[in-house]
Amino acid sequence: MSDKLASNPMLPYLGKLVEVRDIATEIKLFRVEMLNGGGEAFHDYKPGQFAFVSAFGVGEAPFGIANIPNNGDPTLDFAINRLGSVTTDLHELGVGDMVGVRGPMGNGFPMDKFKGKNLVVIGGGIGGAPLRPVIQTVMANRGDYGDFLILWAARNPSLLVFTDEYDQWRATPNTELYLTVDQADSTWKEGVGLITQLLEKVAPSPRNSITITCGPPIMIHFVNRVLVEKLNFKPEQNYVTLEARMHCGIGKCGRCNLGTKLVCVDGPVFTMAEVGALLESFL
Amino acid sequence: MAFEPKIIAYLCTWCSYTGADTAGIARLKSPANIRDIRVPCSGRVSPEIIMRTFEQGADGVLVLGCHIGECHYNTGNHRAAKRLPVLQALLAYAGLEPERVRLDWVSASEGERYSRIANDFTDTVRTLGPIHWRVAERGAHFVWEQEPISHRYSAFSDEQPKHAVYHTAIYDEQTLILQAAARELLTNKLVDCVIGFEVGPRGRTRPAFIHQPENVERLVWNQDCTHNLSAYLSKKLGWGTDGGKKKQPDKLPKAAVVVKPCDSRSINVLLAENRFQRDQVYIIGMACDGIRQGAGFSNDKSGPIQTRCAACNVRTPVVYDTLIGDSEATYREIPPEHIYPGIDHLDALTPIERMNFWLSQFDRCIRCYACRQACPMCDCPICLYERDDSLWVGMGIDVDEKRAFHLGRAYHLAGRCVGCNECERACPMDLPLSLIHRKMAQEMETIFGYRAGMAVVPPPFVTILGGEENLP
Amino acid sequence: MNYLTHQELAAWLDHLAQEQTLIAPLNIAGNILYRPVKDTHEVVWDFTRSFMSVKDVFFPPTERLMLIEKLNGQVKLTETLPEGESIIFGVRPCDARGLLTLDALFIENEPVDPYYARRRENTTLIGLACPSVGASCFCTNVGGAPDDPTGMDIMLTASNGGYVAEIITEKGEKISKKFPVFDGLSEIRPHPTHARKRELRVPPKEAWPARFNDDFWAEMAERCLSCRICAYVCPSCRCFDVRDEALPGGNGQNQAERIRCWDSCNGIPYRKVAGGHNPRFMKNQRLRNRFFCKFYYFPLHYGPVSCTGCGRCIDACPVNVDITEVLIYMGRR
C-alpha cells in the first residue's frame, strides 16, 4: 500500500497523535507518530521544511515541521494555532487520534551553509514554530556555528511558544535569548515592545552573520528594514520563511504564487534579496 | 413499513421549547419524528438554516416561536413572521412543497397546542412522502426535456417592432450633454471620478471610469448602456470588498455615476443600507427608453429591447442630481401580462417539474460568481456561500451547491433586487436568473406591497410588522 | 489520408460510443457544451467554439481525490482515480493546445498529478478543424491555427461535404480500427482554414516584468468585477482548492471525501495567508496577476504560454475586459 500511496502526491500518510498539549493561548503542540511508510518519507528532512496536516473530514493545511529528525524515530512536531476550520478541528483531536501528513515539502534552511557563522533567529508568535528545528540543529551541533542569538516575540506573554524550552536554550553555550511582548501583563519580567525595537537594542553585528526570521508578513518587512537600514545587514544575509494558503504543495494549484516564485517548491525559505527581487510584494 | 418523516423543529427557548416540555409533562402525545433544536428566538432561524436543513435530508422543518407581541426580544418573531412566507414561496418556486416548512406560535403554557401542531405537521409531511431535494451525486447532469420556458422577450415577439431600439441622433445629443456635465464636475473637482459608459475597441459598450476632464469624450450614451454602474459605488465610496478599510470620514471619496431608472432604484437601496452617503454620489440620471438585448456583448446598432425593459414602467430615474433626456417621451403603458414573463409558465407546473426545470438550469452554472459580482446589492466582504469554513454550502461545483447558492442569493435579494438583470446578463451560461429574482420581487409586492428602491426606505425584512400587515 | 462521408463518420462514432464513453458537443439550452452522448444524433456538427473548453473532462470542476472512512478511531483512505476510457469528438485546436499547456503543469512538471494524467491517458481526442475563425479568436497570434492538428489523436477537417481524416497517434490508430471506415486511400487533402492574422504579437516573457508597475493595470481593472468567468472558461487555467466534505446518507459522521474544485486568482480570498493578510487585496493586483501568470509566470515555471487564443474570456466577460487589449498595450513601446 505504501508504494501506491507514495505514487499519488495528493494522498497523505497516516499518522497517530502521540502527544497533544497546550503551549500557548490557542496554540497546541501536536506530536505525530508516522505510520505505514510515512516514517521513511520523513526519515531525513531539513529544518524549515513543511508538511500538510489533514484533519480528516475537514481538510488539510500546511504547517512548518517544528522538530528535527530524531535518529529515525518517525515522530513529527507541529505547533498549530487555532485559526480556521482545519486548525479548529485539529485542536479538537487528542492522543490516539489519526491525522494525515503529506510531505516533507519545500526547500528548508541551508544549515550547512550557515556553518561557522553567527546566527540570529527572530521569531514572532506562531512564526517560532518553523524556527525551532533551527534552534535544535544548532544545539545539537553547537561547535559548527558561531554566536547564537534568539529574539523571540509575541503580542502578549500568553502567546509565546515553547516557553518550557527557554532554560534549555539559555543553557546552551554562546547562546542568548531575548524575549519581548507588545503588551505585558503583571507577571511579565522580560522586555516589552516591538521586535524591531528589541532588535535595535540588541544590535547584532552583521559580520559573518545570518538572520532567520519568521512571523507575520508585516513583521518580516520591518525586521528586514531594521536589519538593512540600521544594522548594515545585506538582504542576502537575511533568511525568511514565508507562507501562503496553498493547497497542493507540489507546484500545481497555483495558490501560493508570489509572482515569479512558488512558496511550496521555491520556498518557503528565501533570502530577503530573493524576496526583494520578486515582482510582487509579499506584503 | 410506512414512511416516517424526519422533522427538525426549531423551538424558541422562551416559549415553544417550554411549550413542548409542558406537552410532555401533561403526557400529551407528540410524534417521535420530531427532533428539537432549541434556539434563542424564532427570529434566529434564518432561511439559510432552513434551506440547509432540507439539504441535509430533513423531510420537514417546523419553526415555533412566541405569539406576536409576546417575544422575549420584543420583535424577534416579527422577523420570522416576515421571512418565512417569502422563503416558502421561494422553495415552492424551486420545486419543494411549501407545506414542508411551517411557522407557528406556541407559548410556554400551550402544551396542548404544541402537541396538536406537531402531530398535524407530521401527518402533513408523512402524506407528502420522502423529500427528493438533495441530488448528492457529483457530476450528475440534468437536461430540461419539456417545452422551453422563455424568460426572454421572444415570448411575445409579435410586438417586436414596437419594442425595438435603434441608434438615433438623440443618443448623440444626450452623449454631448452627458460629457459636458461630466467635464464640469471633474473640472470643478466636485467628484473624483465619473462612472459612465464608453465604447471599447471591439465596439462593445462597457463601463468607463473618467478621472480627468480631458477624458470625458470617452463617455457615451447609447442603446447598449446596460450595465448597472451603481455596482461599483459601494466599492468605490464605502468600505466594500475593494477598499476594505474604513475610509477617512473627513475626506470621503465622491463619484458621479450615470444611471438608468432601474439603476437609480438600486442607489436608493444602497443608501437605505448606509453603504455610502448621499452627498458622496452625484447622480446623472438618464431618461431611458429601453436597452437592447445582447448589449455589452455585441455592437449591433438596433434590435429588440430586453425583456425587463419591455416590462419596465419606471422610465425616469427615481433619484438624480441631473436629469438628461425627456421623461415624457419615454413613458409607456405596460400590459400587465408582460411584467412577469415566464413566471406564470413555471407556476403552472407541478413541484417536481419545477424542481427538474431548476436543476436543469443550475446544471450549467459554473459557480463563477459573476452574478454576484455584477450585482450592486451583493457586496458582503465575504459571501456567505464562499467562506472557507462555510457551513451553508459545500465547495463543490455541483447542482446541490449551485442551487443552494442561487436560492440563498435570491433570498438575500428579496426586497432589495431592483430587477436590473445584471446577474442574468453577466451569466456566461445563460441561466435564467431573472426568473427567480422577478418572482421574489413579485412575492414582495404581493406580501408586503413593497417595491425595492422606489425610495430610501429599509426593505421589509429588517422592519417590524405594521399594524395592517397580515400574519401568516 | 482518409476520406469519410458524414454517414461513415457518424456510424464510426456510434460504434465507438457502444464501447466507451463518447463525449461530444451538444446544444444545451442554446449553449454548446461537451457532454457524454449515447449516439451521434444529438451531436452538434457545425459550431464555431463551445462555451466551455474540453478542459472540464480532464480537470473537472469538482473532483474527488480520495474517500476517507473513519471507523473505531482508525482512518482508511481510498484513492479514487478516474476509471474508464473515453473519446472526445469535435475538439478544437485551441482546446487541444490548452491540454498541452496543462500537460506541462500536471504531467511534465514532477510530481505527476495522477488524476489528470490518468484521464489524459484514457482519453482519445478526435479533433475537428474550425471551419472559420470567430470574431474574438486569436489563436494564430499565439502560435496556433484553426486547423492545427497538434495534440490530437485523429484530426478531421471538413472537406467536399465529408471529412478528411488524419490519424496522428497510436491511440488514434487504435480507435480507427474499430470500424472499417478508414481506408487510407484518399487523395483529398484538407484545405487550410482561412485565418486572417491580427496585428497582435505576444511579447516574450522577458518583456513583462518592466511593465509590472504600469498604471495600465489599475485602469483596466477598474471595471473588472472580480468574478471568475475568465478563469473558468479558459482552456488553460488550472488553479484549484482542496477540502474535505462529509458524505451524506446514513453515517455522515464517518465518511468524507477530499475534493478539489476550480479556483480563480480573481477571487478575493485567493492569495490570503493564514494570519488573514492578503497581499493581493486590490482587484488590479488580482487582474494583473492573471495576465502575468498567462504570459510570464506560467512560461517561467512550466514552459508554454498559458493562453491559446480561444477568445472565450473576451466573449464571456460581462464588462469587456479584453486580453487582446493587454497584448496590444504590451506591444506598444
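Chains: A, B and C, in written order; residue numbering restarts at 1 for each.
Please note the rule applied: a contact is a pair of C-beta atoms (placed from the backbone, for glycine too) under 8 Å apart; a residue touches a chain by one contact, two chains touch by 3 or more.
Just so we're clear, the structure is a prediction, and the values are computed from it rather than from any experiment.
Chemist: Take each protein chain as a node, join two nodes whenever their chains touch, and name the resulting shape: line, ring, star, complete or other.
Modeler: Per interface graph, the chains form a complete graph.
Chemist: Which of the two pairs, A-B or A-C, is linked by more C-beta contacts?
Modeler: By the number of C-beta pairs in contact, the winner is A-C.
Chemist: With centres defined as the mean C-alpha position, give me the subunit B-subunit C separation in Å.
Modeler: That gives a centre separation of 33 Å.
Chemist: Determine the centre-to-centre distance between subunit A and subunit B, using the mean Cα coordinates as centres, and give it in whole Å.
Modeler: 46
Chemist: Need the CA-centroid distance for the pair subunit A / subunit C, whole Å please.
Modeler: Measuring from centre to centre gives 38 Å for this pair.
Chemist: Using the touch rule from the top of the page, what residues of subunit C touch 2 or more other chains?
Modeler: 241, 243, 269
Chemist: Which subunit B residues reach two or more other chains?
Modeler: Where subunit B meets two or more other chains at a single residue, that happens at 388.
Chemist: Could you list which residues of subunit A touch at least two other chains?
Modeler: Within subunit A, the residues that touch at least two other chains are 84.
Chemist: Please name which positions on subunit B make contact with subunit A in the complex.
Modeler: Residues of subunit B touching subunit A: 388-389.
Chemist: Quick one: in the complex, what on subunit B touches subunit C?
Modeler: Touching subunit C from subunit B are residues 56-57, 134, 136, 138-139, 141, 143-144, 148, 200-202, 204, 206-209, 227, 231-232, 241-242, 244, 296-297, 360-361, 364, 366-370, 372-374, 382, 386, 388, 394-398, 422, 425-426, 428-430.
Chemist: What part of subunit A is in contact with subunit C in the complex they form?
Modeler: 4-5, 7-12, 14, 54-61, 81, 83-84, 96-98, 100, 216-218, 243-245, 247-248, 250-255, 257, 259-260, 262, 279-283
Chemist: Can you list the residues on subunit C that touch subunit A in the complex?
Modeler: By the definition above, subunit C touches subunit A via 65-66, 68, 70, 73-75, 77, 79, 81, 105-106, 109, 111-115, 209, 212, 238-244, 246, 256, 258, 260, 263, 265, 269-277, 279-280, 285, 289, 292-293, 296-297, 300-301.
Chemist: Touching subunit B in the complex: which residues of subunit A?
Modeler: For this pair, the touching residues of subunit A are 84-85, 88.
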